[in-house]
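Structures given as structure tokens follow.
Paired with chain B in one complex and with chain C in the other, chain A is shared by the two complexes that follow.
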Partner chain A sequence: MINFGYSIAQTRVVNLDNCNFDKLEQLEKIVPSFKRCMNCGACTATCSAQQFTGFNIRKIKSMYQQAQYDKLAKELEQCMLCGKCTLVCPRGVSLRPAVMNMRKILNTK
Partner chain B sequence: MTKRFWNEYQKEIADDHFFYERSCIRQTFFPGSEAAFLRIMRDVLHKDIYDEENAHTCTGIGYHSDFVPLETTMTVVARLFSLMKEKGYTNYVPSCVTSFGIFSEMIDMWQHDPELLEKTRENLRKATGREFEMPTNLAHPSDIIYKFREELKQHMKYQLVNRFTGKPLRVVEHVGCHYAKIFPERGIGNAEFPYVLAGMIESWGGEVVDYPERRHCCGFGFRHYLLQENRGYSVANSKKKFESMEPYEPDFIVSNCPGCSMFMDKWQYTIAEMENKTYDRDGYGIPVLTYEEMAGLLLGFDPWELGLQIHQVQSEKLMDKIGIKYDPDAKYRGVNGKILPQPEKPHVLKQ
Partner chain C sequence: MSEYFNPFVLPFVLGTIFLFGICIWKYVRWFKQLDRLQRAVIRKNILSWKILPALWECFCEGLLHLRISRKNFVLGYMHRSIAFGWFLLIAVGFVESHITPTVDGAHPFWLAIFYRFFIHSHGTFKGAMLLTTIMDALLLYVLSGILLAMVKKIYSRALGMKKATKHVIFDRFAKASLWCIFPLRLLSESLSASIYHNGGFLTQTIGNWFPIEFAATFELTSWTLYSIALGTFFVTLPFSRYMHIFTEILLIIFRKWGVRETNVRTGYTMYELSACSRCGMCIDHCPLNTELGINNVQSVYFLRNLRYKMDKPDVADNCLLCARCASDCPVNIDLMAIRQQERNKGELDTAGNYTYLDKVQPFNAIGRIGYFGGCMSHLTPGITQSMKTIFEAAGQKYWFMDEDRSICCGRPLIQQGYNQQAADLRRKVTEHIKKSRITMLVTSCPICYQTFKKDYKLNIPVVHHTEYLQMLIKSGRIKVRKDDLRTVYHDPCELGRGCGIYKEPRQVLKATTHLVKAKQEGEDSLCCGITLGDSLIDIDQQKKIRDAAVNNLMYKKPDMIATACPMCKKAFVHSTTLPVKDIAEIVCENLKTDN
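Entry: the complex of A and B
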């Protein structure tokens, strides 16, 4: 193989046809309100953790919905479970239980 | 009958008396294409076309890479138009799709801002003492071939049909971004439904492959390619297209842009070397032709005079499918009859 001095950049497109949504279905059974999210980002704007870290609850929710689980368990460790996101959510999504259950599901082998 | 949206987007293309400006890079990558276009125009269609020998860059690569300022580009374009005025022509035909985009852009700006036009006239006068006029008709050579496609068909020896199966060849058409994505109304069929190459393929017996990433960039991207470290992004674009077209098993790719033809051809070698992957069934790659080469082949021009041996992906298998006769021994024969040194064979891509 020849070294051309560069590598082929991986595509950032998520092909939903190739994703396994078992974990999402599992979570939606436990926290049905998870389906109601409209991606407004109020949770992230209020989040105490995001003020000091790169934690982004809206991004985590999107990644989980798109079955992009790599590194997600590590990300979720930054949540302090204060529950402010749940208080401000205009659609009444139970985010605190969602985070707790995401942790459980992702840590289950 | 199904509504064909491209029908709503047509453009005016002159009939005769063209002023031809060659491309900076095509003569290196596809050395037979421009000569083939001139031969088609003069010997087959019997049109008057002037091949300007004093032409120069339109600054396209520098302009789109942010090296050349707008005023400079305008003055350089004005000089090219002054050459056309000097020779008494009004129908400008730039060989390159990026030049076509640059000219369309400059003309549009001049038409919207007469002061800018006056400023450019002054700049050109000060720099060279020349005067210029905007062309009355600006058309890309692919527009002209498209316009005369039925007439050319009458002269063609071959059709885009697989002689073994009798079925139309499956052709991927790739229209350069600067052809219609900058000024959609200046391209046949607009930016969404460019019909310029599809029209040729359908008229000449082939079948156009409609695949998901059909309108995706080839990966050239000008400034994106300049730094070696960034070229992975460029390859990634081509790769995305190849992966998207692969399941449709195209027989070949045809393009009307110098960059697209070059990158889609050469990146197949790069991807094969880097990832051990080719996008056809047998490991030979998908041949990439320019529209002049496609027309020339069907008209019966010698494939080696068209410069097909210069391509990375070789076209013998395609020519066998169409039934084109060629002399394998003459492939690397130079103009003086001497056999030239043969290029090194790639490790992965078969030849």
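Entry: the complex of A and C
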């Protein structure tokens, strides 16, 4: 197959009825602005880590909201916490604290 | 000895023995907790001349409280009168009791404290009357301080403090006994003066008001109460904020010898915690208090919680790290370092986190200087663009090391306590810089600048772009013209209080524009609010802090706001209609081209 330098994501089906949203509620209690996100992706566009790798903060955010926690903790460790995402966010989401708290919540068993 | 002994001196004597016993026990324990490097520094400097400036500072700060006086004269007077006045009372009293010829030649140490109870004349030596007068004057001096302290307790604004510290029970108890000591001393000496006529201008005058029978009945009671007040104060002292009296002296000496905080808690931190007098000077200017009304996280409470092991979550994390409190602290405690110790997340498994940074290719930049914009400068392209133009105008070959792929310097991680991850990034960036063989590093972001300067070991000069521009202008490598805008300069926290760069940005601005003053500037400048230090306040709260900072800059109605930090710039542009520019942009606009 020709390598175009990009690929198409696998189709995913998430049955939200079977998900446990405790961790999301926990996060939204600490970082209430998390609910304001409108998925514009400005954070991902500016991300320092994204320039090197497929690190995608918007995707991480969506996966967290859909309770898809597999590998998320390890993925989050790639963040350098530089805080650019928080500064560019047009909706005033405190993304940097959200990343730190996601890490914390996911790492506590 | 029996001649000068009365059972009422026991509370004082036992209290004194208890006090020094506990203090020595605590200090020895903390000394053992110092880490290896700190002890090596002490061993190296213990016999050096550094002890002389240290003792001078102990005198100026421990007794005269000059730093407080400079900020607030009345408050300084209050502290000085109690500390220095009491010290002189003890010192002069000691001299007085030792040159007094006693019946049996003994001079027990409590004789100085209860002198007028035991010695019933002005003394039989030359100058005795003078000493009595001096002692009375000193007592009056201390009493004036106690009176001010009482006024401050009722109405702290009278002494220029908007908010006074909320104290724990030990402190209240110790303070109550401290306040009783000197009025009781005055009463006791006056009663004795009434009977034996051995008082000075103050005690004799008051003594003459009392009938002799009254004085004879209550003299012993009064002296007993005085002794009990002293004893109580001494017993509570090691557990209260008054522990700072002795600890500050040790802290100043250690600091002069070169001992510094590390990134974990050591015995030195314990000395610092006890050296906090909980004066509350850090509360009034904390932006979290003034703008958001959060008043339980300031350094005074943070240190108190640590010292008494009170479990208050979030206090360590709720801080902008703007270091305004550290510049107000009269004891110069390294507040930011202690904050970061508590945030330190310790050893974490960081394997594989930043392997993607290996994609950064080594670059050979021999003969060039390095320019590191920093993550934030990428959000304010005006700054990086101006720096490029300036480099070219100065004929300086440069390498923009993070032009398309920026690696974070690691300081944002340090601020949140992820020290290990920060070390990983540091290793990567250091390797990158070493391989490029640049001869100097210029950075546009004060956050990066601070960590490059303090945490990296690069062996090349690291300068902030304001310093670099100042060098260029001074050496004539670039020529600038002066515009007629009135510009106010905002000191970024990390550049000013963090690295002590106040002069250079102002010199550059003076060369290019008309610099006007802000209401509070230099060490007292306000935080722009959009900081990476605090992870608990949200954007709306940050905006309130930012607006306060902008108001502070509007003091002389300037035409333009200048700053030297991309974050501060980013913060201010949304809050004011005035142009907000970085110093690099201002210089770039005013560049004179030769033709």
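Quick notes
Everything that follows uses one rule, which is that the second predicted complex is superposed on the first by the 98 of 109 C-alpha atoms of A that agree within 3 Å, B and C clash if a C-alpha of one lies under 4 Å from a C-alpha of the other, contacts with A are read in each partner's own complex, and residues count from 1 in each chain.
Here, a residue touches a chain if its C-beta (ideal position, glycine included) is under 8 Å from a C-beta of that chain, and two chains touch if they have at least 3 such contacts.
The shown structure was predicted, so the numbers you read here are calculated from the model rather than taken from an experiment.
In the superposition on chain A, contact of A:Lys84 is made with chain C only, not with chain B.
Set side by side, chain B and chain C differ in how many residues of chain A they touch, and the one touching more is C.
Of the two partner chains placed around the shared chain by superposition, neither chain B nor chain C is touched by A:Leu16.
Once the two complexes are laid over each other on the shared chain, residue contacts for A:Ile8 go to chain B alone; chain C is not touched.
After overlaying the two complexes on the shared chain, residue contacts for A:Met38 are found with neither chain B nor chain C. Overlap of the chain B and chain C contact sets on chain A: empty, with no shared residue.
Taken together, the chain A residues at the contact with chain C in this complex read 31-33, 46, 48-49, 51-53, 55, 74, 77-78, 80-84, 86-88, 92-94, 96-97, 100. By the touch criterion stated above, chain C contacts chain A in their complex at residues 350, 352-354, 356-357, 359-360, 375-376, 378-379, 404-408, 410, 412-413, 416, 418, 421, 425, 530, 532, 535-536, 538-540, 567, 570. Of all the residues in chain B, the ones that touch chain A in their complex are 228-233, 235-236, 239-240, 270-271, 273-276, 347. Residues 1-2, 4-11 of chain A are the ones touching chain B in the complex.
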